[in-house]
Amino acid sequence: MPFVNIRITNEGATAEQKQELIQGVTDLLQRVLNKNPATTFVIIDEVETDNWGIGGQNVTTLRQRAAAAKS
Amino acid sequence: MPFVNIRITNEGATAEQKQELIQGVTDLLQRVLNKNPATTFVIIDEVETDNWGIGGQNVTTLRQRAAAAKS
Amino acid sequence: MPFVNIRITNEGATAEQKQELIQGVTDLLQRVLNKNPATTFVIIDEVETDNWGIGGQNVTTLRQRAAAAKS
Amino acid sequence: MPFVNIRITNEGATAEQKQELIQGVTDLLQRVLNKNPATTFVIIDEVETDNWGIGGQNVTTLRQRAAAAKS
Amino acid sequence: MPFVNIRITNEGATAEQKQELIQGVTDLLQRVLNKNPATTFVIIDEVETDNWGIGGQNVTTLRQRAAAAKS
Amino acid sequence: MPFVNIRITNEGATAEQKQELIQGVTDLLQRVLNKNPATTFVIIDEVETDNWGIGGQNVTTLRQRAAAAKS
């Protein structure tokens, strides 16, 4: 009866992609630990880029810098 | 000083119902463990049905199948 | 299919008390939101008092101060 | 490689303030535990006041009472 | 830069199995959403069976019932 | 009434260091958002290095590689 929480930035993942994550992680738990899919929960949280930081910097700014570096 | 996080699908719980959950779980912790309500926190997260999976399938699809089975 | 995470300090809750919490919060979700108990998950985390802070102070110290104030 | 989740009520924190939290907590972990900022993640969740309870009461109501008491 | 939290009951998963989960979910996020493995975090929490409930009943009891039903 | 969850690997943080984190993050929330310390909760989770992955690899192995590279 595993519980999985996946947190990603809110940058356009489609319902199909999120369904792939749900199916994929449920399969993984069945394959590795023989966990029953019927009682495997997966919750995906999509987080605004202003609200996610890495290296002390929010992702909004990191994305802008990456875009500027490419242009 | 308990902390409780309740996660439900985003399917129309009213402010009154959410208040009942907050009050109910706070009372429960006081009754069972003598926890002080003044320092009991409750946070309710409402999750989109596309973002919640069970049995490898998102809840949006599960709800559609259940509705189809009824009709 | 709710998911509930209850966090309390690690101060001697018994298996019976934890079972009361599990049953109580599952009943609450059924009563208030008509949630199916069969797919209601509850996880209780017991946290060391050194690892829980309130008012900028860990609970170990808060408990010692409260005990000293009583004696 | 710390992971920090900050939960606050959704009451108008600006992107600049959230960036200050991200930077501040990342600095704190480097200063106290010598954690590498490059692998420090911070996620801020902003929670509706209807969905946050303290003392068995949602914050929407607590704010209204505080406002009424002032007027 | 995804963050994944996998919660399972504490029933003997080996370090090798946990490594398979870490690798598997990291690969999944790269395959489905093109997420960079270098900034994908996975944390596995192993929860005592007394502290996990489903259907209003802790897993310790559910396991005992299942074992009794088999014998 | 913020809630902060700090997750670090279980590699010997002392009670004093954890107290510094609790105090530091509580001060940060007061300074940046004027949050009341009396209702600021901080929980620190210390996670086994086998149970934390980054780049698809558990931290136990990452630490061994780093140690080998130094010797």
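When the chains are written out, they are named A, B, C, D, E and F in that same order, and each has its own residue count from 1.
Keep this in mind: a residue touches a chain if its C-beta (ideal position, glycine included) is under 8 Å from a C-beta of that chain, and two chains touch if they have at least 3 such contacts.
Computed from a predicted structure; not experimentally measured.
Greatest centre-to-centre distance from chain D is found for E, with centres as Cα means. Ranked by how far their CA centres sit from the centre of chain A, the chains are topped by C.
For the touching copies chain E and chain F, the fraction of interface residue numbers used by both falls below half; the interface is of the different-residue type. Separation between the centroids of chain C and chain F, computed from CA atoms only, is 21 Å. The distance from the centre of chain B to the centre of chain C, with each centre set as the mean of the Cα atoms, comes to 16 Å. The multi-chain contact residues of chain B, meaning those touching 2 or more other chains, are 1, 3, 7, 39, 41, 43, 52, 54. Shown here, the protein chains touch in an arrangement that is not a line, ring, star or fully connected set.
Contact between chains, as defined at the top, is found for A-B, A-C, A-D, A-E, B-C, B-D, B-F, C-E, C-F, D-E, D-F, E-F.
On the chain F side of its complex with chain E, the touching residues are 7, 47, 50-58, 60-61.
Across the complex, chain D meets chain F through its residues 1-9, 13, 17, 20-21, 24-25, 28-29, 31-33, 35, 39, 52, 54, 59. The touching residues of chain D, counted against chain E in their complex, run 1, 3, 39, 41, 43.
Contact residues on chain D toward chain A in their complex (touch as defined above): 15, 18-19, 22-23, 26-27, 37-46.
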